[in-house]
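Next up, some structures in structure tokens.
Two complexes, one shared chain (chain A), two partners (chain B, chain C).
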Partner chain A sequence: MNTLQSVGHPSARIDALQRVTGKAIYTGDRKLPGMLYARVLRSPHPHARIKRIDVSKAQALPGVKAIVTHENCDVVWGSGDTRNKRYLFNNPVRFAGDAVAAVAAADRHTAEEATRLIEVEYEPLPFVLDPEEALKPGAPEIQPGGNLSPNNQGQRAPEVYRRGNIEEGLRNASRVFEDHYTSAHINNAQLEPRVSIAHWEGDHLTVYASTQGISNCHTEIARDLKLPPEKVRVICQFMGGGFGNKNQDQDFDLMAAVLAKQAGAPVKLEFTRKEDFVCVHGRWPTKQYYKIGVRDDGTLTAIQLRGYSGMGPYRKGTGGIAGIEIYQCPHVERTVYPVYTNMAVSANLRGPDYPQGVFGLESLMDDICYSLKMDPVEFRLKNMTRKFNDQVPYTSIGLEDCIRKGAEAFEWKKRWRPEPGSAAGPVKRGAGMAMGSFFSNLGRSSAVIDVDSQGVYHVHVGVTDIGTAAKTTMALIAAEALGVPLEKIDIIWGDTDRCPYSVGESGSRTTTQTGWAVVEAAKALKAQIAEKGMPQGKDILSATANPNPSIPGKARYSFVAHFAEVEVDTEVGHVRVTKYVAAHDSGRVVNPLTATSQVKGGATMGIGMALHEELLYDRASGQPLTAGYYGARVLTHRDAPDIEVLWIETEDAYGPYGAKTLGEPTIIPSVAAVANAIYNAIGKRVKDLPITRDKILGVLA
Partner chain B sequence: MKSFANVNARNLKDAVTQLRRPNAIAVGGGSDLLGMVKERLVEPDVLVNLKTIRGLDQISVKGSEINIGGLITLDTLSHDPTIREHYTVLAEAAESVATPQIRNAGTLAGNICQRPWCWYYRNNFPCFKNGGTKCFSVAGENQFHAIFGGGPSFIVHPSDTAPALVALDAKFRVVGPGGERTVPAAEFFTLPKANPAKENSLAADEVVASVHLPRAAKGSRSTYHKVLDREAWTHAVVSAAVVLQMDGERCARARIVLGGVAPVPWRLEKVEAMLAGQRITPELAAKAGEAAVEGANPLAKNGYKVPLTKAVVRRTILGLVQA
Partner chain C sequence: MSRISRRKFVEGTGAGIVASAVPLKAQQSDTLSPGSAAGKRIQVTVNGALKKLEVEDRWTLVELLRDHLDLTGAKIGCDRGECGACTVLLDGKPVYSCSQLAVWADGRSVETVEGLARDGRLDPLQEAFIEHDGPQCGFCTSGQLMSARALLNRNGNPTADEVRAAMAGNICRCSNYNRYVESVLAAAKSSAAAAGAGRSGRKA
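Moving on to the complex of A and B:
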């Protein structure tokens, strides 16, 4: 791979100093003149009909300026549910935490007091938390038409993928392995809680959001409030993470706007940490039933999955259970039921469909390896994907190198035990690995670059930088494409009035799509400069690019293999990750410094998902018990192991300088790698996430 | 949170006078209480701020006793050279609490009087601790609940310093409107069968002013071992405070008190008696572990605490002898 001037060199974030010195203005820091504060009243019931709401006492409280409920607000939150009509305030309420009313008042305290003065008479309805239970006849109906969420064609049918003939594949197998796994609802747990400020000037609305995508947030606010897009402006200058649950417009953006309109003053709506964990969305819990056919030599013949995903009562995400595509296999059948339940809503969290699916799949694959007395590394090298779904060639694939070089760096042969649980106790070590892939498609995005007579290049990109260092990435790509030093690049971001469309920081697409637009805009600008010379005086030159590239006949994917060694104290059930190697093919790495941080963050998140995190519910009442950082047992700095990152930089002709996607692949195999390492250490498998102490001591008892 | 008045106590007498006002609560470091106020787990009309009382954050030697002011922060306590050397179990227990930020604010008396972290209680379920008549953990999620001393409430006592103080035979000086009383630590904490709404014998208008430790006996050594689910900011799943008074190779006297397993610091008198006068061998430590869980009465989901407790007791005793 050729060396470049800017891209590929470790570079500190261009806004690092602002962030660490407190100069960065986050949405929560903003205060507008005359601004009111809002609070939300939420349902204490997992499912209930609201028979009566009386806001008169709240209205009478001095300082209260606006109250909205389902009775006076019929705004439909289009992004809150892609299948049903989800209002900002619903009746019936469908989970403990569903919004019932919102109040804007002169200060936070008054707003909270007012929510308590709202009288609500509920008629509690039967509820169901488990997705499989929710499909049984006689289960409480959560949405009209039943609890199986409709597919994209509006049919009440599971999501099915088939190739080959599963029956034939199972018949062709020497052995068939069967098992089932579950994964829990966990929260995105980003640092910055929800916050939105809405400010009307006449019929023009400005929303200071905390969003992963100003462009989609902007168009969706306009859609949901029935405003012309040019009457809406979304600003997000600094934001503190989201991991998938701050994309698109959010109910709090809309609530703030509706309250601000009613009150005639700007409104700030902040969620508490508990609301953040329960009332937005987290990763969908799953139940997975696998059947895998394999020949004696370890060749896969069939993979069958029947899965259930608990979506909560609104369909906000796919509910997919992915991972099968990382294997080459002639006969595949995947049937996934996205099901309405009365738990917290589920939708995108870093690699939405993957880590839980890869956990189940790679757990069973691991068991197959031990049964066939095959090294899991060899098994994966034998069976790994060569073409996407065995059909479409990849633009580039570094998976084999991820596995080989990762295993070498990890010292797999030394750490992995052919006989699981064979280490001398009571503190036993073991090693596990797993692999993954993630789509790295190209697609539509935009960039505008202006150059002034001082030779400063003003790059307008609609990114917000959710922690991935997107601003810095865009600056490096611009510097490279323009052939100028990084200091000559000025990034303008996070404001829909100043930035063109950007894809939104979801699907790990910003580097590949908006980065590509930057390359194209730079090319166009350089052509102008070549023709007209550099601008003089107050003149500027400006170039816009709106590329929408596609790759016919090929699949573009990133690949990853993770290796974990754990130490399990079999007497106290404690797990410690003692070594971790993450090998990634994300094409060319634009900024090795921040890319490495992405991998460390993703792997650490996966370890937390493997060992601790769960939004646990009380089954009898339908109430969540573990909302917040304490309850969720999110990993602390002291829990994070050293993580060694290996870059397998494959080249293809696509994306900015060959960059492929990165942010989400980082978590995909981590949960399974840790689970497999625990099995290798203790010789017993925990099949239900998270793998907590009680479960470890349970299987060892 | 509900509106409340803040009163800065001028001295202990003033504090207990202020606490007699309707619906008043004492606050020390506030690291837990303020969160509870925000969550409306408590809705005081008056918060009596004890931090303004001078001199209650000191450690002093008085005759054969060490006096520790109730307002000392957990961080200061854990770093005090006398405590570290002679009352290691207390220093280690204080150091194991929560996070550095919380230890910088949280006080010893506050830690002793901390309310339980049962998720039903903390999520405002109408349980015994919230003024109700039911313990929801019994038929619900009881992974972290009591295996000893439970009923009708099955909370576990959340304090790390409490087991250490019971193991050290500490006494608490409790100040109330009628004057002061001195209570042995072991008697301060009360089981739910006495009153399921409370964890101790402190009246609403009393405060724990200071803690008194007897002079450490010659040959005594101690340690606190805490099992956490992650490396910081969790309460003990199970913990053991062990004080051994060694006479050469033999253990003259032992104090073993568990955290995380019962609604009070759970003293293992039978195990203590097993060790007294004995040379502590791996075999004896293993027997101590077995004896430690005699009478354990686990619920549906906390049975793992039985083998866990066994291992913790055995290891902590042995580790201390071999140290």
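Moving on to the complex of A and C:
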């Protein structure tokens, strides 16, 4: 791979100084003159009809300026549920935490107090938490028409993918393996709680949002509030994380806008940590039934999955259970039922469809390896994908190198035991691995670059910086494409009045899509400079690019293989990760410093998902029990092992300098790698996430 | 079941685990109406400057800093003593400022991230956080910095495990823990190297 001038060199974030001095301004740090504070009243019931709401006492509290409920607000949150209408305030309420009313007042304490003075009479309704239970006849009906969430065509049918003939594939197998797995509802738990400030000036609305995409947030706020898009402005620059839960417009953006309109003053709506955990969304819990056919030589003949995903009462994500495409296999059938339940809503969390699906799939593949007495590394090298779904060629694929070089760096042969659980003594070590892939599409995004007579290039891109160093990445790509030093680049970001459309910080697409727009705009600007010379005095030259590239006949994917070694204390069930290697093919790495941080972070999040995290519910009352960082046992400094990162930089002819996607692949195989390492250590398999101490002691008992 | 109140709902989940921290503000605002909230005059040294303030009894320290002194470096990530984003130094000790009442700071000294750089020079920790890519989203960074500063103040040459122990109360959901530990060890090293040679570092 050729060396470039700016791209590919480790570079500190261009806004790092603001981040370490407390000067980076996040949405919650903003204060507008006359700003009110808002709080939301939420349902204590998992399912109930609201018979009466009386806000008169709250209204009478000095300092209260606006109250909205389902009785005076019929705004539909269009990004919430596209199949059934989801209002900002619903009746019936469908989960413990569903919004009932919102209050704006002079200060937070008064708003909080006012929510307590609102009297609500509920008629509790029967509820159901488990997705498989919810599909049974006689289950409480959560949405009109039944609990199987309709697909994009509006049909009440599961999502099905088929290739070949599954019956034939199972018949062709020498052996058929069958097992089932579950994964838990876990929360994104980004450090910055959801917050929004809405400010009306006449009929013009400015929203200071905490969003993963100002452009989409902007058009969706306009859509949901029935405003012309030019009357809405969205601003979000520094942003305290989201991991998928701040895509699109959010109900709190709309609530703040509705309250601000009614109160005639700017309104800041902040969610509490507990609201953030149970009232918005986390990763969908799943039940997975796998059946895999294999020949004696380890060749796969069939993979069948029947899965159920609990979506909560409003559909917001796919509910997908993915990962099968990392294997080459002639006969595949995947059937997934996205089901309404009365739990917290489920939607995107880093690599939405993957980590849980890969956990189930790679657990069973691992069992197959031991049964056939094959090394899991060899098994994967034999069966790994060569073409997407065995049909479409990849633009580039570094999966084999991820597996081989990752195994070498990890010292796989030394750490993995052919005989699981064979270590002597109560503290046992073992090693496991898993692999994954994630689409790295190209598509629409825009950039505008101006150059002034001082030779400063002002790059307008509609990115926010959610932690991925998007701003720095755009600057590096611009510097490279323009052939100027990084210091000559000025990034204008995070404001829909000043930036063109950008795809948003979701789907790991900013580098590949907006980065490509920057390359194209730079090309156009350089052509202008060549023709007209550099601008003089107060003149500027300006170039715009709105590319929408596609790659007909090819699939563009990133690839990854993770290797974990664990130490399991079989007397208390405690697991410690003692070695971890993450090998990634994301094409060319634009900024090795920040990209390596992302891999370390994603892998560590996956370890937390494997070992700790779950939003537990009380089956009898439908109440969430473990909201918050302590309850979810989110990993701390003390739990985080050293993650060694290995870059497999394949040449890819597409995207900015061949960069492929990165943010989400980092978590995809980590859960399964840890699970497989635990099996290798103790010789017993825990099939339900998270793999907590009690479950380990349970399988050992 | 229809007797479950919102209060119970708010306090119920997970709050049992941190019972002392959660309902603090709620209980107080039961008895205090706005405008007439009981207040107290206090004197606090904030980042070296003495401040005379009138504060409401129900204000937390982080509320005082963020809403009334415009020091928004300390963040509110949970408001219940779980995440550490609000960590500041109170008389040199790291505390969760969401779990301290403002009135308790009377007569004491508070240091926040805004006070880390001195005489226009960055703290070696800030330098190292930049160089080693400590912050991803950056929301936990101020808290990480303050816990690290407290550690280096009492132990200038910590091991990696000592760093992890000292910062265990600061959650980073971007999970950039490796980078933070790396940064703190680098800062300790550079501080030791610079000791005796006078304070150096880049301009704040």
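By definition in this document, the second predicted complex is superposed on the first by the 701 of 701 C-alpha atoms of A that agree within 3 Å, B and C clash if a C-alpha of one lies under 4 Å from a C-alpha of the other, contacts with A are read in each partner's own complex, and residues count from 1 in each chain.
To be clear about the criterion, contacts are C-beta pairs under 8 Å (C-beta built on N, C-alpha and C of every residue); 3 or more make two chains touch, one makes a residue touch a chain.
As the structure is a prediction and not an experimental result, all values here were calculated from the model.
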| item | value |
| --- | --- |
| Which of chain B and chain C A:533 touches, first, second, both or neither | neither |
| Partner chain(s) touched by A:697 [first = chain B, second = chain C, both, neither] | first |
| Touched partner set for A:109, first chain B, second chain C, both or neither | both |
| Touched partner set for A:154, first chain B, second chain C, both or neither | neither |
| Partner chain in contact with A:45 - chain B first, chain C second, else both or neither | second |
| Which of chain B and chain C A:612 touches, first, second, both or neither | first |
| Which superposed partner A:633 touches (first chain B, second chain C, both, neither) | first |
| A:553 touches, of chain B and chain C: first, second, both or neither? | neither |
| Chain A residues touched - chain C or chain B, whichever exceeds | C |
| Partner chain(s) touched by A:202 [first = chain B, second = chain C, both, neither] | neither |
| Doubly contacted residues of chain A, that is, touched by chain B and again by chain C | 109, 112-113, 274, 621, 623-627, 629-631, 635-636, 638 |
| Complex contacts: residues of chain A adjacent to chain B | 109, 112-113, 274, 426, 571-574, 612, 616, 618-621, 623-627, 629-631, 633, 635-636, 638-639, 692-694, 697-698, 701 |
| Parts of chain B lying in touch with chain A, wherever the complex brings them together | 1-3, 39, 119-120, 123, 125, 136, 139-141, 143, 227, 229-234, 237, 301-304, 307-308, 311-312, 315 |
| Chain C partner contacts - residues on chain A that touch it in the complex | 12-13, 16-17, 19-26, 28-29, 31, 41-45, 48, 61-63, 96-97, 105-107, 109-110, 112-113, 115-116, 122, 124, 188-193, 238-241, 243, 272-274, 277-278, 465-469, 593-594, 596-598, 600-602, 604-605, 608, 621, 623-631, 634-638, 640, 642-643 |
| Touching residues (chain side chain C, partner chain A) in the complex | 1-2, 4-10, 12-15, 17-18, 25-26, 29-30, 32-35, 37, 58, 66-67, 71-80, 82-83, 85, 112-114, 116-117, 122, 126, 129-131, 133-142, 145, 163-165, 167-181, 204 |
